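In this document, chain identifiers A, B, C and D correspond to the written order of the chains, with residue numbering beginning at 1 in each.
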Amino acid sequence: MHFEHSPTCQDYLARMKRFMQEHVYPIEQQVYDDIHAMNPDGNWRQWTVHPAMEDLKHKARNAGLWNLFLPDETVGAGLSCLEYAPLAEETGKVLFAPEIFNCNAPDTGNMEVLYHFGNEEQKAKWLTPLLNGDIRSVFGMTEPDVASSDATNMAATIEEQGDELVINGKKWWTTGLGHPNAKVCIFMGLSNPDNHKHQQHSMVIVPLDTKGISIKRMLSAYGDYDAPFGHGEMHFNNVRVPKANLLVGMGQGFAIAQGRLGPGRIHHCMRAIGMAEKALELAINRGLSRVAFGQPLLKLGGNGERIAKARMAIDQARLMTLHAAWKIDAVGVKNAMTEISAIKVVVPNMLQEVVDMAIQIHGGAGMSADFPLARFAAGARALRLADGPDEVHMGMVTRLELKKYQ
Amino acid sequence: MHFEHSPTCQDYLARMKRFMQEHVYPIEQQVYDDIHAMNPDGNWRQWTVHPAMEDLKHKARNAGLWNLFLPDETVGAGLSCLEYAPLAEETGKVLFAPEIFNCNAPDTGNMEVLYHFGNEEQKAKWLTPLLNGDIRSVFGMTEPDVASSDATNMAATIEEQGDELVINGKKWWTTGLGHPNAKVCIFMGLSNPDNHKHQQHSMVIVPLDTKGISIKRMLSAYGDYDAPFGHGEMHFNNVRVPKANLLVGMGQGFAIAQGRLGPGRIHHCMRAIGMAEKALELAINRGLSRVAFGQPLLKLGGNGERIAKARMAIDQARLMTLHAAWKIDAVGVKNAMTEISAIKVVVPNMLQEVVDMAIQIHGGAGMSADFPLARFAAGARALRLADGPDEVHMGMVTRLELKKYQ
Amino acid sequence: MHFEHSPTCQDYLARMKRFMQEHVYPIEQQVYDDIHAMNPDGNWRQWTVHPAMEDLKHKARNAGLWNLFLPDETVGAGLSCLEYAPLAEETGKVLFAPEIFNCNAPDTGNMEVLYHFGNEEQKAKWLTPLLNGDIRSVFGMTEPDVASSDATNMAATIEEQGDELVINGKKWWTTGLGHPNAKVCIFMGLSNPDNHKHQQHSMVIVPLDTKGISIKRMLSAYGDYDAPFGHGEMHFNNVRVPKANLLVGMGQGFAIAQGRLGPGRIHHCMRAIGMAEKALELAINRGLSRVAFGQPLLKLGGNGERIAKARMAIDQARLMTLHAAWKIDAVGVKNAMTEISAIKVVVPNMLQEVVDMAIQIHGGAGMSADFPLARFAAGARALRLADGPDEVHMGMVTRLELKKYQ
Amino acid sequence: MHFEHSPTCQDYLARMKRFMQEHVYPIEQQVYDDIHAMNPDGNWRQWTVHPAMEDLKHKARNAGLWNLFLPDETVGAGLSCLEYAPLAEETGKVLFAPEIFNCNAPDTGNMEVLYHFGNEEQKAKWLTPLLNGDIRSVFGMTEPDVASSDATNMAATIEEQGDELVINGKKWWTTGLGHPNAKVCIFMGLSNPDNHKHQQHSMVIVPLDTKGISIKRMLSAYGDYDAPFGHGEMHFNNVRVPKANLLVGMGQGFAIAQGRLGPGRIHHCMRAIGMAEKALELAINRGLSRVAFGQPLLKLGGNGERIAKARMAIDQARLMTLHAAWKIDAVGVKNAMTEISAIKVVVPNMLQEVVDMAIQIHGGAGMSADFPLARFAAGARALRLADGPDEVHMGMVTRLELKKYQ
């Protein structure tokens, strides 16, 4: 056991930090303000990508900081899940950073699905432009009319009709749907209702310009639309795609999802840890510079202890996530279910508390758009629900724990 | 000691509940949706009041449900702080309800200030239209450039020049500033810097159309602009008002503020308790109707216990607030400082937790604008800062507790 | 609604405080030390009552501070549940005080059972000496071999044989069993296994010197034996009592228990609130007098806030308990089930946290027998299990809350 | 970074688990019961070591499981702090296990002090018999009359008089003082009051049979005397030892203490993690076997989630402690102060919560001496104070965090 990152990882980390320092932090607040001003909330059809983005993506790719999440050496960087983790943390500190490195959700998960489960034709058509950052993608899973915490509730249907698959139903919280470059959806729906519970659903590639798809609206999360990505509600009305768009086979949806979710949770959690570090940094800067009752805020009452509690909570959460990443690398997702579920509970709750503390130190400013804290808070809150709520993951940890005794 | 509300209070409560049932709840969701659609976020100069509001106000006034917060029988309803408390709770359940009864912050606080501290001329000019609901008002206290948790930090200046007072500086989180009917600001600023710490500030009535006032922007709180009220940032550049606009006298700002804050905190807290009751109701309705893993959500894992915890937390917070209201009535604000500070800490934190639970039960829907939960969450978060952060109020409770031992 | 105690209550409270001041506090620490020294832990057969007790009881009775818990004017003080509550709080501050006023558990509960459900003969034989404080009693309910959180699990048997009832089985956590004056047990057991679930058990009066009863041991709770009362394990081997010892009738055990538990929980909770007040007082005295890093402990870090949190938690818990007491008086135990279960959860948890804080302020001394804090901690911990664990009471609150929606 | 223990560590761990399985677990409960019965609480002069101990120590030494904590290959096992950590966890599961392997506090810390700071003569006289397990030792630091959370408060004096050092003052919470084999005390006292704050104290070796030492009493912690080790109060009245007993030099006490505390905290924390694992195991066994309301306890309400929360908290705490151990090995105690202080806060609080949960699952039995849970609870509570209270360690973490910004 030792706790030093591999030389490769350290090298990437140093380069990424340098990149952030040179290209991202200097324009961080400006981009936040611009995005806020450019994208009329709710009016998502007018949303635009910030003009700096394409240039930053170009620079990142040239710097070899591109598709770092993919363990494949040729199309990605050949980093293990554990080696990528601290890079994901770094990108989490700035809300628009992950896209710069083509490492943003849900594209990463979709690329993983296509990489691991797509056939050559599917890869050529969809994976390549995604890897190039030319298009963006969405994932259609959560539905408005059922409790999606139980994924087997998914009720939108996929029916075989001749050479086509016909899709009907509703999806919402489809992240990235508002992005001007969003072109394709990985859609999961009920295809084989008579099969065993976890073999009833399939995954299909659905181009977003297919007839019958209507985007109803973007949803605000804690009042925030997360432009220009957004979280959308989309309706499918007899949407037809060729059978060639099916991933793996009918009824294989959950098998694919399983593989997708392991590394994705590491990514999410590490980005959340990056947010927490940023929130703590902001809290300390504010708390040392603002004075009340004759003292910097951090010298007053329990404020100092709150800094310690944040440091301790972040450090524990990071170690737990790195351990889970290592376990995925070492023994595979299926043998790391306790760890993967545990971080999914621990990290977003930790982030929620750390950000709440940071907001409190900032006073009203902390809730405003002058700082990224309110958006971190929304992110934390959402992450306690996305990919399964806390309760479902605790249930998994419990189940696996009790299993040891039977 | 007994826990039944007075007959007068019970009568008002029954009438208000009937009013809400007949006139408000039937259009509740529609009004939320309309407000959302009508008021382009951030673009506050285009904000408008919902068309139903004036009619509702008219009906409420006719029903004798008007200015209930004012203990005066002629202009208000003659209710004690304790008798008004459960009515405030009732209005808290719907975000736009307090205004219907002319009982919304910050107008209530401003009316109290004018009622208790205004001279006849000031009352005639500003209190009367406020009591009639013809205009709205704001309160200028928090400032962007200092830690406002220490109110003595307030740095915007009020200078005497001949017959005028000249005002310079910045205020933000000025609630209601975006409202089309907002006409006047009660402004608090530094006027006598050489006086003792709590006699350096004064309160002045400043019409919002006075030259030199510029409204820079509305601030979002957790992404929410709280239209059409809003929380604004306003700058004062050599703003001149006649000395007749001074309240009480130079250096009397804190003395006035003290009296204003006691009942105001009861109102805030009771509305927050109403929000918590509404959140719990929504959680139960959702939790009983949505099914996962073959069971209604509330039968799963620890969800049932969460309902009990919410009930117990709400009931404790309510009793504490009612007791504080009773104590204000019985012995005055100055002798109820522990109680007033205690509820200011307990209630918003309780609300934050109950709403967080309700959101979790709702899944993604809970974070969206389809339910008022995200706005309750923003309200709870803001209330942990507004009128003094948790920490300052805990400091007050501690100080008074230790005093008993000296 | 108002929050002043009745004149009668205030008069009793003033007299009790005076009594405590004159007779109890001056010898408090001495009696603790003596009890510690006199009663060899575990060696319960040698336990003795402190020599001061009989005199104190005598004085209390003469002062009219006797059997205050009984709402009957002739045998008790005629106080309502709400009027007795603050007196119970006062007795809670000193571990041996309740017995002084003949108001200690489980005798109070047993006296209530005999008072409400005993026939004249039973009262003459057992209630009278209990009311006189001449004997002590125990209550046999919890059993070692089943999960007693589900009271219907009780498996010790009561069988009718001719004119006798024959008792077999085990009971433990029988409080007061080690007391030299313990003479009688109210025993609850399974008598009618074919009845409906809540009509299978009966209550019987069993003199402790009946043949077949063996006291196996006293149990330590967090290492504390609670001498000279103790919590015992007793085995019943063909124990025979006349049928005349049956309370009410066969299968009526739960009906009797129900009535017993309501006021008993108020008493327990108010005493626990008294402990919390005492713990807070000790914490403040210690925290103001001990100096570290150049400051009294309470000026360091978050310690001040901890005092405020304790004050706020205690005040909420007290109001909730007083409200529950009032509701029992006003509408009866059956209509106050939410309130009674809620305080049973809230108060012991509050006490546990307040005492934990007080111990932390005391350092090692707080854990030692030099202060009553460790025993308060044990009391709080036990009270989270006794008379139903937290979880069972939360379940009750949940059930009644959901019922409103069906 | 990887998370597998070294082959050496794995080998030791396997052997220790086998040893526990073969020799310790089979007699675990019997030894607990015996210790309870053999050692009349408080009456510490009659305390005796359990007869099985010497045999177990002999077996452990023969099995090469002896002095594992010492990184020296010749006298210890040559294990790094990180390699020893999981072994310490294993010993933590049984209260009397650490002594079997000569790895119990405070002897380990004292042996480290003598090993690192003793001269040859001191080592020969005191370290050798300690390494052989022939004698036991104590550490005299905490004092009854000052706030010992600030170690510079230590007021017991060491004065040079000719060739002797003269010691006066009081110490308490001296762990191990009741042990029949306790022969020597490492005493820390105020020797150079005019020096800089951290150079005023010295450490001296004081044989316990020196004239002038009186052992006043053993202290109970949560009612538990922790026999046959105990925590004692000792008074020093003109106690004289030769100057040769001074460690390192006058005024060097804190410098020595610093080095002692780093690895010691790892040991304490890992044992605490072992206790938490044991508590969780007991909770699961009980919760699966006891039935209420027709279900095993762990299927009821939020009980399942509590298991998950315990698992997640333990795993985080363990990773944090292992990381701290690694950092001590890699960069030394002085550069791992954040980590060492952080675990000192996190682990005992985690243990307190996990044990509290386990007790709740056990019902009354959990508080009794039938399970080790109450003693684990006392251990957790004590550990939140010993070697510096939570608050002092949070202060350290805060200070080091803020330093990064200056």
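To be clear about the criterion, a residue touches a chain if its C-beta (ideal position, glycine included) is under 8 Å from a C-beta of that chain, and two chains touch if they have at least 3 such contacts.
All figures in this text were calculated on a predicted structure; none of them were measured in a lab.
More inter-chain C-beta contacts link the pair C-D than the other of C-D and A-C. Averaging Cα coordinates per chain places chain A and chain D 43 Å apart.
A separation of 37 Å divides the Cα centre of chain C from that of chain D.
Chain A and chain C have Cα centroids separated by 53 Å.
In chain D, the residues that reach two or more other chains under the touch definition are 301-302, 304-305, 391, 394-395. Chain contacts in this assembly form a complete graph, since each chain touches every other chain. For chain A in complex with chain C, the touching residues are 301-302, 304-305. For chain A in complex with chain B, the touching residues are 36, 40-43, 142, 144, 146-150, 153, 172-173, 219-225, 231, 290-293, 297, 300-303, 356, 359-360, 363-369, 374-375, 377-378, 381-382, 384-386, 389-391, 394-395. Partner chain D is touched in their complex by these residues of chain A: 1-6, 82, 284-285, 288, 298, 304-305, 307-309, 311-312, 315-317, 319-320, 322-323, 326-327, 330, 338-339, 342, 345-346, 391, 393-398, 401-402, 405.
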